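Here come two complexes built around chain A, the first alongside chain B, the second alongside chain C.
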Partner chain A sequence: MATLSKQKIGSVLAKQGILIAFAVFIVAFTLANNKFLTVDNVFSVVRSSAILGVMALGVTFVVISGNLDLSVGSMMSFSTIVVLDLHDKIGPFLAIPAMFAMTLCLGAFIGILVGYLRLNSLIVTLGMLSAIHGLTLTYSGGQNMDIADKEGTWFSVFGQGTALGIPVPILIFALLAAVLGLMLSRTPFGRKVYAVGGNGTAATFSGIRRARTVFMCYILSAFCVATAGLIQASRSLGSQNTVGQGLELEVLAAVILGGASLMGGSGTIFKTVIGVLILGFIQNGLLLLGLQFYVQYVVTWVIIILAVWLDIAAKRGRLWSPIA
Partner chain B sequence: MTDTKPILRLDGIVKTFPGVRALDGVSFAVMPGEVHALMGENGAGKSTLMKVLGGIHQPDGGAIYMGDEQVVMSGPLEAKAKGIVFIHQELSLAEELTVAENIYLGELPRKSFGRVDWKTLAEKTNAILKKLRVGFDALTRVGDLSIANQQMVEIARALTVDAKAVIFDEPTASLTDAEKVVLFDVISDLKADGVGIIYISHRMEEIFKITDRISVLRDGQYQGTVATPETDEERVTQMMIGRKLDLTRNASHHELGDVALEVRGLSCGKLYTDISFEVRRGEVVGFYGLVGAGRTEIAETLFGLRDPSAGQILLDGEEVRLNSPVDAIARGISLVPEDRKGQGLVLGMNCRDNMTLPQVDDLTAGPFVAEGAEVAIFDQYRDQLDIRTPGWRARVGNLSGGNQQKIVIGKWLSMHPSLLIVDEPTRGIDVGSKSEIHKLLRGLAAKGYAVMVISSEMPEVLHVSDRIVAMYSGRIMRTFTSDEVTEDSLIQAISGLGGDGKAA
Partner chain C sequence: MNLRSTFAATTAATAMLAGAAFAGEHGGTMRIGITQNNVGVDSYQTTYEQAFIAAAEENENVETVVLDAGGDVARQIAQMEDLIQQDVDAIIIWPTNGEAVIPAVRKAAQADIPVIVTNSNIAEQGFDFVASFSGPDNITQGARSAEIMCDKFKEEGIEGEARVVQISGQPGYTTAIERAKGFEDRLPEVCPDVTLVETQPGDWNREKSQQVMEAFLVKYDDIDGVYAGDDNMGVGALNAAKAAGRDGIIFVGATNFAVGYEAMAAGDYWGSIYQSPVDDAEAALQTAIDILNGEEVPFLNYFDTPKITQDNMDEFSKPVF
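For the complex of A and B:
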């Protein structure tokens, strides 16, 4: 029993590769820098990953349903700007639900285009990336948005507060991950998301309302974006119009790093969370090693390519498999 | 042909995969000018053997000889260079390119500066197409061709190299009877040129029509080779499944119940016109016709996937409108679709989840899916349909065709439909599973289900149906009872000859 065959090791690697890679990173960085695995540093990584993470949860649904969402970055800028603006105009109590409603409308719009009109999600959300950015600038008149009384508002609790000694953004991320994780893995809706992404035609032939399922994924994604915008706004209490710029690629990277297939039909919330943490720890580790922060753009990309390559290689059973 | 030297010989080929001995000492030889059938149930090792021959898999033991020389197939290109050509069941053509470009892809004739020599290309292609006697030319876009003609392009591709052995893998799966005749002519031309042919098919009547010898595999083991004229279907089947197959025709008639489905004057554009029939509880109605006769389209209309342009659909005497599969399912209609992998299953999902997919909304405990109830459903139909899987967690994509089909059937039986429509229930399924599925369909009727069976295989329609509706070009030509039907009258009806309908 003690001897594992080569095949078995291969299949374990293929299934748990992402966890093993995660463990290797942690050990390597810990050995390289003794500040890496401290409570303070871990909290700081998770807290700074929370915004990205919350967005990645929603995008996981979209990707499993077989679609893409490249609009989450500029949608997050929109949410942040809107809630900061409304904070001073109608007060935080009303500003938060108003911002959520507006963001969900954007999600619904994308959901209608991709789900009901069956337009290509890459084109739709790439267009929305730009369109929503324009919308945000129009709304703000191109100005940065700041809360007038930064000391006197309870609004900062979402980004800066702690409960039970744990930063609130981490709690929100954890809570949302738990709820959405259960939704994806245990509810009929989650099952339908997998079916629609795995084989949309077969899903239709099984009486699943495909358009509605895709629509709901974009609503969920928008909800997550609104939550991320709330954390962002609350943390800084002021913002530029471009605060979410480029995040769509990092979000997608985290989801793919977690092993969700861009073809749809596979992935889990748990793995996405791991993907988010890996991305966060890598970026943090590189900074601790004294590298310039822009090195992380390159390193992140290299790691994603490696992850995708190893994933495919494990499935094919060989590293090198040219197209012809 | 009196050549005594095999053109291609496999000797003791062994191939193992994790946990499976896929090929266990398989030997057989193909003579020049011989059509050699390779038969076996799904999973018997035919495809693995062909992959070894094509250089996609390397054997763990044994050797391949061409003539006297031992060869090693290091990859598909090598196999092709040695004159071994595969014609696959699944087409691999670039739809946007022309016939000529597809045929010579990768080896387009060149002029100076690497420009393509279009004139030579067209000439060479047309010469080959002429040999195949097809009705299209070198410059036709492949995407505009019918599936059968696309298959002809695949075959034309094989003729560009100096082929020593050609392997046909289920070549007639999507061909009409007329197109088959052309294919068989091509095969006999190749044969006359001294090419060795390996012919893989599940269809016995073809095997006995065109092959010279038959080799049989079962569970990766070579069962022997017999000369076709000296054997019969029953003996070959016995070699394949290791037991006798029950081929007696089912003449059992039981009490019929009420009319479950009535269709009156249903039309859908040009797809089918003025279709009227009824299906009673306890009855199996077979729909027989050529590919494109409109049978699948009727099924899709009844399942809410197409809007009829005229006519009525009545379920239990009540007129209904079916706008989507959701409507149809709610009305108790189930469809086991034609394309198992494309329409029937989510291959990456496990067996249980596939089976309960249509009712997952109803199987809940609080907000969650009641997994216990799901497993219970899976267990029930696994036992009832004798589905062989390692467990409900197995991915459906890893099952054999027969077991996959049973998952789809189980999925719809578990909905307790009042009308079950099955479209090509045994396509690409081995003989053993086939007769099991036929038995199952009869059994369902006996239990009071109303069943519609669409099939392009005459033995199947004859075997399971109480009544047979013969269709031609979108119209019902004639309806037979199982007592009055004969093979000849049925063939006439589906060819547009005789019958009471008017051919368009």
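For the complex of A and C:
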């Protein structure tokens, strides 16, 4: 009996290693600073994590399909700059769909290169990271983009509004996480994504259109990036060209932290959300502790690596690798 | 006179001689090359380039070779070598990195081409190879921001108890370090009873600054003033305070941006330092011309960056960036 329940606990732990890590951090930070677990602070962390989080949702699909997307940071800058520029030129009603269309075109382009031409996604999206940055700069002429009438536009609702007492960015993040989570776990498309990432050749032989599946993952990723750009633009109603610079690595860190495999074939939306929240709470927690910021860079990554270790240790049931 | 200053003097003298000799030979047309840091990455640098080209075109004695390193150190070093090969009369460099460009600057100095550093200085060990630095005095800027804030506290009568947070620029950047130092040194001199409770970096990024300010607002119930290393970050912090419904905080920045100017006009943002990329570009070009004409130029050739607040903002035009 004792062994059985131990095994049971073991298998439960194995699945939830990252949740345990999350709980440990929350408790530790709460003990260290009594303002950490207040409603205001939690809302503020989740709200500012929402931009990163929305992007991570799309990248989860790409990573599960066995590919990478390093272009999301500069693509988000692009969306933000475009929607801010068009806001004053053609009004928010048209600017938002126009920006989504343009961002989806970028996603489609990457999808064709990686999906249909079968080019290495690391190279393609690394190239696009720089190409899209150049595109953004060309579009804006290097100027910061600002909405002229900041008080009088309803456009601010996506980043600054609240509904039912909850900040709108959090609602968008939650809604998108729910929809994409169901799509990944409950639809044929979702299963195809896992199949393609797990074993592409086998997937092809079982009749899955691999290229189309990968293509759709990049479209989804671009859609998420456009949504993130919308929140970002609406939150500050103005932006630099470099607003999303470097976010691609944080997004990837959140997705991997959530347990998605870089080799493809595994990962869930729920755990990506946990990964995003861990990153957000670490950054906020260290700020509240008032650690000197040079130290913060180090501590952030120590905590991330600890979390990944806890996750893996839980999965294999011991701290050290059995074959080290 | 120590070895370093002797060497610097020699370099400067050689440069002057070269310049004087040159002016004689070619009837006054000077070829000046510039390698910029990263045009297009922000509006300041974009405006700088436009102003530089415009100023050079106005002066018929000046011919320019305008290059941009795109933020890439290796490319900037290659551009320095190109300019040396082209045998321009003077090189203006906006360093992508204060340390890494020193060998290239030395190479130019050894080829008897005077080098003018613009906007942000290179590291001190490279000073011997530099004819002059033309740019803003960031320590003074930080000090002036402290004075603006202190004056406002006195006006409101809270100079005995006010609490200030600072959002600094990217860690490791000379501009960020100098502005923070200027502010931190000057504030206790003018307002000894004001406390600087915490400093965190906003990385010159409005969104990052907004996040930092959100955490500050949770952490401290009482914040009277925010000093940001530039207006972009200042406005990010202002957005956070507005969203949290915290009124009455005095925001002071530096490098007055259009958004900062607008927020001042709206009465939300108190003051900043007016630093014009046009002045910056024109000062760099003028410094190069003066050196080529053999005139005496101070090693640190600062252009003035005045205080701007809600009270005197009418005297300044809205920044274009």
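By definition in this document, the second predicted complex is superposed on the first by the 285 of 324 C-alpha atoms of A that agree within 3 Å, B and C clash if a C-alpha of one lies under 4 Å from a C-alpha of the other, contacts with A are read in each partner's own complex, and residues count from 1 in each chain.
Note that in this section contacts are C-beta pairs under 8 Å (C-beta built on N, C-alpha and C of every residue); 3 or more make two chains touch, one makes a residue touch a chain.
Everything quoted here is computed from the prediction, not taken from an experiment.
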First, second, both or neither for A:201, with chain B first and chain C second: first
Touched partner set for A:188, first chain B, second chain C, both or neither: first
Touching partner for A:209 - first (chain B), second (chain C), both, neither: first
Which superposed partner A:239 touches (first chain B, second chain C, both, neither): second
Which superposed partner A:144 touches (first chain B, second chain C, both, neither): second
Partner chain in contact with A:265 - chain B first, chain C second, else both or neither: first
Winner by number of chain A residues touched, once chain B and chain C are compared: C
Common interface positions of chain A, toward chain B and toward chain C: none
Contact footprint of chain B on chain A as seen in their complex: 7, 182, 186-188, 191-192, 194-195, 198-199, 201-209, 265-266
Chain A-facing residues of chain B, complex: 18, 303, 305, 324-326, 328-329, 335, 337, 342-349, 353, 357-358, 360-361, 363-364, 367-369, 411
Footprint of chain A on chain C - complex, ascending: 39-43, 45-46, 171, 198, 200-201, 205-207, 210-212, 214-216, 218-219, 232, 235-236, 239, 243-244, 257-259, 262, 321
In the complex, chain A residues that touch chain C: 33, 35, 38, 40-41, 44, 48, 51, 137, 141-144, 146, 150, 160, 232, 235-236, 238-243, 283-284, 287-288, 290, 293-294
